[in-house]
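Please read through the structure below; I'll follow up with questions.
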Amino acid sequence: MIDQSIIALLLLVNLRMFATSRVDSLVRCVAAQAFLLVCLAVVTHEGSLSWEAWTFLSVTGLVKCAALPALMTRALRSAGIRREVEPLVGYRVSLFIGLAATGFSVWAAEKLPMPAGAADPLVVAVALISMITGIFLIVARRKAISQAIGYLAMENGIYVLAPALAVHGPLIVETGVLLDVFVGVFIMGVIILHIRQEFRHIDIDRLSELKD
Amino acid sequence: MIADTFAALGGVALALVLSPFLRTIIDRTKARMAGRQGPPVLQPYWSLARLLRKGAVYSSTTTWIFRAGPVVTLATILGALCLVPFGGRPALLHFEGDVLLMAYLLGLGRFFTILAALDTGSSFEGMGANREAFFSALGEPALLLGVAGLGAITGSVSLSGIYGRIGTSAFLGAHMPAMIFILATFVIVYLTENARIPVDDPTTHLELTMIHEVMVLDHCGTDLAFIEYAGALKLWVLGLLITGLVFPVHTGSALLDACVTLACMFVLQIGVGLVESLVARLKMGRTPLLLGIAFVMSALWVMWVVR
Amino acid sequence: MAFFLLMSLLAYLLSGAGALLKGRHPAWGARIVPFGSLAASLFALVPVVYVLAGGSPVDFRASWSLPVGSFHLHLDQLSAWFALPVLLVSPIVSFYGAGYLRHHDRPLETDACGFFLQLLAGGMLFVLLASDGLLFLFAWEIMSIAAFFLVVFEHGDDDVRRAGWVYLVATHLGTAFLFAMFVLLGGMCGSFDFADFEGLGGVPDVVFILAVIGFGAKAGFFGLHVWLPEAHPAAPSHVSGLMSGVMIKTGIYGLLRVMVLANDWPAWWGWTFIGIGVISGVGGVIYALVQHDFKRLLAYSSVENIGIICLGIGVGVFGIGSAGPVARLAMAGALLHVLNHAVFKTGLFLGAGAVIQAVGTRDLDILGGLQKRMPVTGLSFLVASAAICGLPPLNGFVSEFLIYLASYWSVLPQGFPSVNLRVGGFVVISSLALIGGLAAMCFTKVYGTVFLGEPRSARVAGAADPEPCMAVPLRIVAALCVAFGLGGSVLMLLVSPAAARIHPLALAASDTTPLRDAALFYLNVTFAVCALAAVAYGLVRLRGRLLSGRAVRTGPTWGCGYPYGTPRMQYTASSFAQPLVVAFRSFLRTELGGDWPSGYLPGPSDFRTHTPGLFMHRVYMPVFAAFSWAAGWMRRIQHGGTHAYVFYILLALAAVLFWSLL
Amino acid sequence: MMLRILFLAPFAAGLASLGISSPRVRRRLITIVSFFHLACTLIVWRTGFEPSAGRWIGLDALSMLFLLITSVLFASSSFATVAYLRGHELPVESRGRFSREAVFTCAMLFFLGTTTLAILSLHTGVFWMAIEATTLASAPLISYQRSSRSLEATWKYLLICSVGIAIALVGNTALAVSVAFDPATYGLPMTFRDLAERAVSLNPVWLKVAFALILVGYGTKMGLAPMHTWLPDAHSEAPSPVSALLSGALLNCAFLGILRTNAILVRAGIGGYSNGLLAAFGALSMLLAGWFVLRQADFKRLLAYSSIEHMGILAIAAGAGASFGGLLHALNHSLTKGALFLLAGTILGAYHTKSTRAVSGLIRISPATGLLWIAGFLAICGVPPFGTFVSEFSVMAVLGRGGRWWLLAAFLSALGIVFVGMWRIVIPMAFGRPSDPAVCVPRSRPIEAADVPPLALCCMVLLFGIWLPSPIARLIEHASAIAGGL
């Protein structure tokens, strides 16, 4: 019951990421997405959680819902970036693509052979949607920061895919992955700042001096 | 064996003595056709004798090549003379592939003639030299291919073998068209190599249009005598290739064969004189075409011989 | 015996390295290369002569710690014969080169030149010895790359660098075909050892095609020859001599090496050779005729001679099926031409080098009158020119004589049922004769315009014969031309084991009597020529006698009544070739240019002709342009947009997932 | 213990370097750590290595080979790194503690550490983590110049590689899923070795999906077309020693992941599928790189595209089952490419341009550099007597033995195109008259200190072409057995 409603909420958040025109709203969406995914992980977990797992989940939640969005908001502010997303693909088309992606994800999740102990296929579907959302943001949005957000969204999707498929990596590996994501987004933010200083804009579109 | 050698030596001696006479035949034929008297019979001999008595003027531009030219030309023609059979008898020197030696000896002579012409630094002589080189490059395949055709018909790869074996049957049998084509080729090559009309006009007085004559403009005295004599011998040597075909009868008697050959040679020169009287000289640019025709004709024997 | 071979290779390597590392002894450096290569030649000549004189093939195997291939050297009659020109020419060339480069202003580059010269010579020997696919390619590439460095020796010149590129690309693309060929053979056989290839029981046609293209690019078959007229003018002359005289023959060697692996030779192989021979021979000589560049002309002439060799091989391929002397004679002729061409082409390039060094230009149209100023060079060049035209009594005649003789035999009616053979022989006779005539035209042009007449420009005035270390090699080459020509019979006997080695696997080697007979025939030639030399001498004496009491004057050349002739009015190389340009204009497509006289009182005018290479300008350059255009178009993929880049990943992912779930 | 030192020492040194204020000491630290690493590697190699089951970190022959490559490259490029830092002296405020240069040094050492970790990790998750960490560690190296171009390159590198590696993470998940079907393998530790041993009981569909994702994911990092797009930018904009490391060490690491995954599929009996994919990507990379080499105007980009081409060769070798040739080629390529990038740095220093047109007469400006530049390109084109010739030929030999003619044709034509394009650029660069005497002054000495490391690398490649030392041959043989799934 709870998990279904979380899934529904996640769907809505993802679709909002397709359609939103503001960067700050994107940041909020990705934070919400992360929060919901952590919740989903807690809810779909079988049996009781050990204290290590609790710690890990809370650290994940903190990093993904608070630290990284805060970092981005800061980058957004200090770099003085305008708040428009500046899409390459229009919002309406994006929304339709989002719907199509949703359909595809559900179909794929139903289609794939699932191992014993796997969660509801819808959880897998929602993980897939999050990943597709992330990639879509990278491909179809012009600003560097929206690409960083896309990367984060994608990581969020992957993060939930593993428990959804009943895959539990060793804790140290999971921590390492989390650390990597954190440092990655952190460095992205740093680079965005530098780019801002150097170029006076952060349109990836115009970052095309290097070509053949 | 020894008899053959003596017969061949006789042939060579005949050539050495009689070859200047061939010019007389041609010139007198032309004169008769034009209604003139023509030069005396021994005129070529007198000319040679007079040239041999003269001194010499050499251009200061020239080197030893210029002096070597006439000598090499004469020597190579003498060599060729020893390789060509006279009257169906084996030549003085005969071996498989002797035709190559003959053709390339002629080529050696030509090589030096051309170089001697270029040695003078005269543009007229250069003009003649390049024409000679180009036309002979086109004429040579025709000659060698024609001989190859004869070889294919008679089954021999030496000149003496070919001319010894060739008989009237060659003309009467299935190879008749091939023989005729080869003969025609030889005639064209004969006219070309000896610088006769329709390729070259030995009597022209305009240097721009000459081929062979212009190349030897600077030679005089003894050198010119060598060249003239070599020219006469060349007329003889290549003539033998034709006479052997025109009258391929072997009587068995060396003397009779020799007489027949001489008669044929006489007729051949009259023919050359007639051609010179009746045919106009080709435009310079058309000559490659004539030689091309000769080449094609020399190649046509393949259709009858190789089945 | 193998010891001598290894020592020879080592001598090449060490003397090359010695030239590079000679330190502070410049005099040493000038000597180490020539004497090194002399030593290497002497070492290698021992087994080579041993094998050619009837000894058993030399075989050497060593373990080699590489994943594929083995260190297998093998010297049989075929490789011994091809080694002969290498061993003969490389010392000559390196002595000459030491003099040629003595005054070069960059000692470092001169040392490098010596090093790569040794590497080239050693590489060629290595190619001939290698009896393993990997080892062969190894040696092959070393040889090619060494030659590349030699070609770009004078790299300050734009044309030289371009030539280097053309050469490198041509040789490497050719080698790519060889890679394919060896991989194919190795794939079928499971090993890359030549000895194992023989167990294959024949080679597929595709191997032959790959070999023709791959080796043909090195040999300079017309169509694949584009690098020759670029590289030979660019390289220092002694290097051109070695490359043109010897290196391109390794292509022929490779082709023969592959052919002897076949079980039998289909008729179309013969036609391939004859076709290549006719096109290369005639095309090569015609292009040679229209060149103004001294060394470019010689390069095209090499294409022509490769054509002659191919004609011989072609007749030989047909002849192998039928009894009789044809195959043996033709193959022997082709092999002899390999040696002879090496000798006289080296002579021509060395002579050209002496002229270029003395005068400083390769343009034929501004040379002239050098025979008086450089008598030694002139005489050697004359001998080599006559030899390349196949004139008796020089060595060119020996090989052409054999090929002709084989072709004449092949058209004979008795005993040869094969129509292919007879028609092939017929084609060979006609094209050989045409090639011979045109070659004579070509080399009378060269010798006449360079050495005879009056100088066409002031540059020529100060020219003089080169110093002895260049002049002596020139004399040696000329002497070799005469000696090989007079001793043709000996050469024929010497080549007979090598010629007997060239036959399909399934056929046993037949006897060598045809060559013994031919050697006897050729004795007649030697005799006749000697007699004629005596006659000529007699004529000279006669002339001397006749002129002795008479006035012998010198004066200006008779100008046909035109008294104002200047040296510039002489016939030039271009005008000499003019009838040919007219006759073959549809094939040559010569470009005419310059300011033509116009009006009633024309001012100064000039006239130029330029004949661009047919394949270079009509095939390869358009193809390259197309490739280059396509490459430019393809670059849009990398247009700089990160979005698109991620999108590519997405596409790849979709494609791969689709494929995996299919 | 030794293994821990191998990857922990660089981390520790990196952290320490942040706090060092003296640039001289810090720079010396790079060299010291690199050579310490090399020494440790050699000791490990000498003492032997026991691959242990179930371990996450371990050393088998395959990792030993790649460790050797990486260590040699780091050691030989450490001088160039120091020279680079010295040559591009930053203002004083950027040289102290926690300054830009300190971060660079730290990132450099971290890069060494993460690369070592990636090579040593036998666990899929650890491997992934390490690979992503190499990306993060190397990003500050690329952006060191802080020019607009280098920032752009860094951004592309970071984003594209992160996306790619994220896809590989999905692949890891899929790999884990494939374990969960059979009770026999349920709960299996996710090490490559365990997976390979139980490969037959894994779920083939998920295995295929996993391989597809891992191939695309790590393929991005490895530089296989069409995921290669970041590679030319990053390689051309990074400082040359860093380019050498990226090309010589980093790409190999990603390849290692693909190779190990491929071995699992081969053991599972669906090697045909994975080999086909590898060969297809390899051929595409080779051909595409060839086209881009053809009209290249920037010599560092040229080298980058050449790396793509060689990664294609590695992929084809892996796909054709020519593991021995492929691994030998990985070794040869890394050494050669390292030398070439180091030389490119020297050239860049002498001419102050990356444009191929502006560079000429190198051999007269600096004979040793010019000769090495030519030798390096000969090696990279697979011309004997260099080792690349042997390795390429042995790959081709396997292609021929397998009768894969189309692949062979693609292989040869790509090599041909690359050759044509490269030499059109290299000949005018190396030969001719020096372009501008005002810009580039001929060196007084024929050989400079900067030429020594590339010379050493070239000599190694030369050695491998003439005589492959038996310890290395044995190492590669063992490694190829692991890579081939035997």
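Lettered A, B, C and D in written order, each chain numbered from 1.
FYI, a residue touches a chain if its C-beta (ideal position, glycine included) is under 8 Å from a C-beta of that chain, and two chains touch if they have at least 3 such contacts.
None of the values given here were measured: they were computed from a predicted structure.
Undergrad: Determine which of the two chain pairs, A-D or C-D, is joined by the larger number of C-beta pairs in contact.
TA: The greater number of contacts lies at C-D.
Undergrad: Could you state the distance in Å from the CA-based centre of chain A to that of chain D?
TA: 31
Undergrad: Between chain A and chain B, what's the gap in Å when you average each chain's C-alpha atoms?
TA: 100
Undergrad: Distance-wise, how many Å sit between the C-alpha centres of chain C and chain D, to the nearest whole number?
TA: The answer is 44 Å.
Undergrad: In angstrom, rounded to a whole number, how far apart do the mean CA points of chain B and chain C lie?
TA: One centre to the other, that is 35 Å.
Undergrad: Note the residues in chain A that touch 2 or more other chains, in rising order.
TA: Within chain A, the residues that touch at least two other chains are 135, 138, 147, 204, 207-210, 212.
Undergrad: Residues of chain B that touch two or more other chains: which are they?
TA: Touching at least two other chains: none.
Undergrad: Please set out, as single numbers or ranges, the residues of chain C touching at least two other chains.
TA: Where chain C meets two or more other chains at a single residue, that happens at 635, 638, 642, 646.
Undergrad: Can you identify all of the chain pairs that touch?
TA: Pairs satisfying the touch definition: A-C, A-D, B-C, C-D.
Undergrad: Going by the contact rule at the top, pick out the chain C residues touching chain D in the complex.
TA: 64-69, 108, 134, 137-138, 141-142, 145, 152, 155-156, 158, 161, 164-165, 168-169, 172-173, 176, 179-180, 183-184, 186-187, 190, 192, 627-628, 630-632, 634-635, 637-638, 642, 644-646, 648-649, 651-653, 656-657, 659-661
Undergrad: Which residues of chain C touch chain B once you look at their complex with the stated criterion?
TA: It comes out as residues 368-369, 371-372, 378, 382, 386, 389-392, 397, 400-401, 404-405, 407-409, 411-414, 419, 422-423, 425-426, 429-434, 436-438, 440-441, 444-445, 447-449, 452-454, 517-518, 520-521, 524-525, 527-529, 531-533, 535-536, 539-540, 542-543, 546-547, 550-560, 565, 567, 569-571, 575-580, 582-583.
Undergrad: Tell me, which parts of chain A touch chain D in their complex?
TA: 112-113, 115-118, 131, 135, 138, 144, 147-148, 151, 154-155, 158, 161-162, 165-167, 169-170, 173-174, 176-177, 179-180, 183-184, 187-188, 191-192, 194-195, 198-199, 204, 207-210, 212
Undergrad: Enumerate the contact residues on chain A facing chain C in the complex.
TA: It comes out as residues 88, 135, 138-140, 142, 147, 204-205, 207-212.
Undergrad: Using the touch rule from the top, collect the residues of chain D that touch chain C in their complex.
TA: These residues of chain D touch chain C: 155-156, 159-160, 163-164, 167, 205, 208-209, 211-213, 215-216, 219-220, 226-227, 229-230, 232, 273, 277, 288, 291-292, 294-295, 324-325, 328, 363, 367, 378, 381, 383-385, 389-391, 393-394, 396-397, 399-403, 408-409, 412-413, 415-417, 419-421, 423-424, 427-428, 431-433, 446, 467-470, 473.
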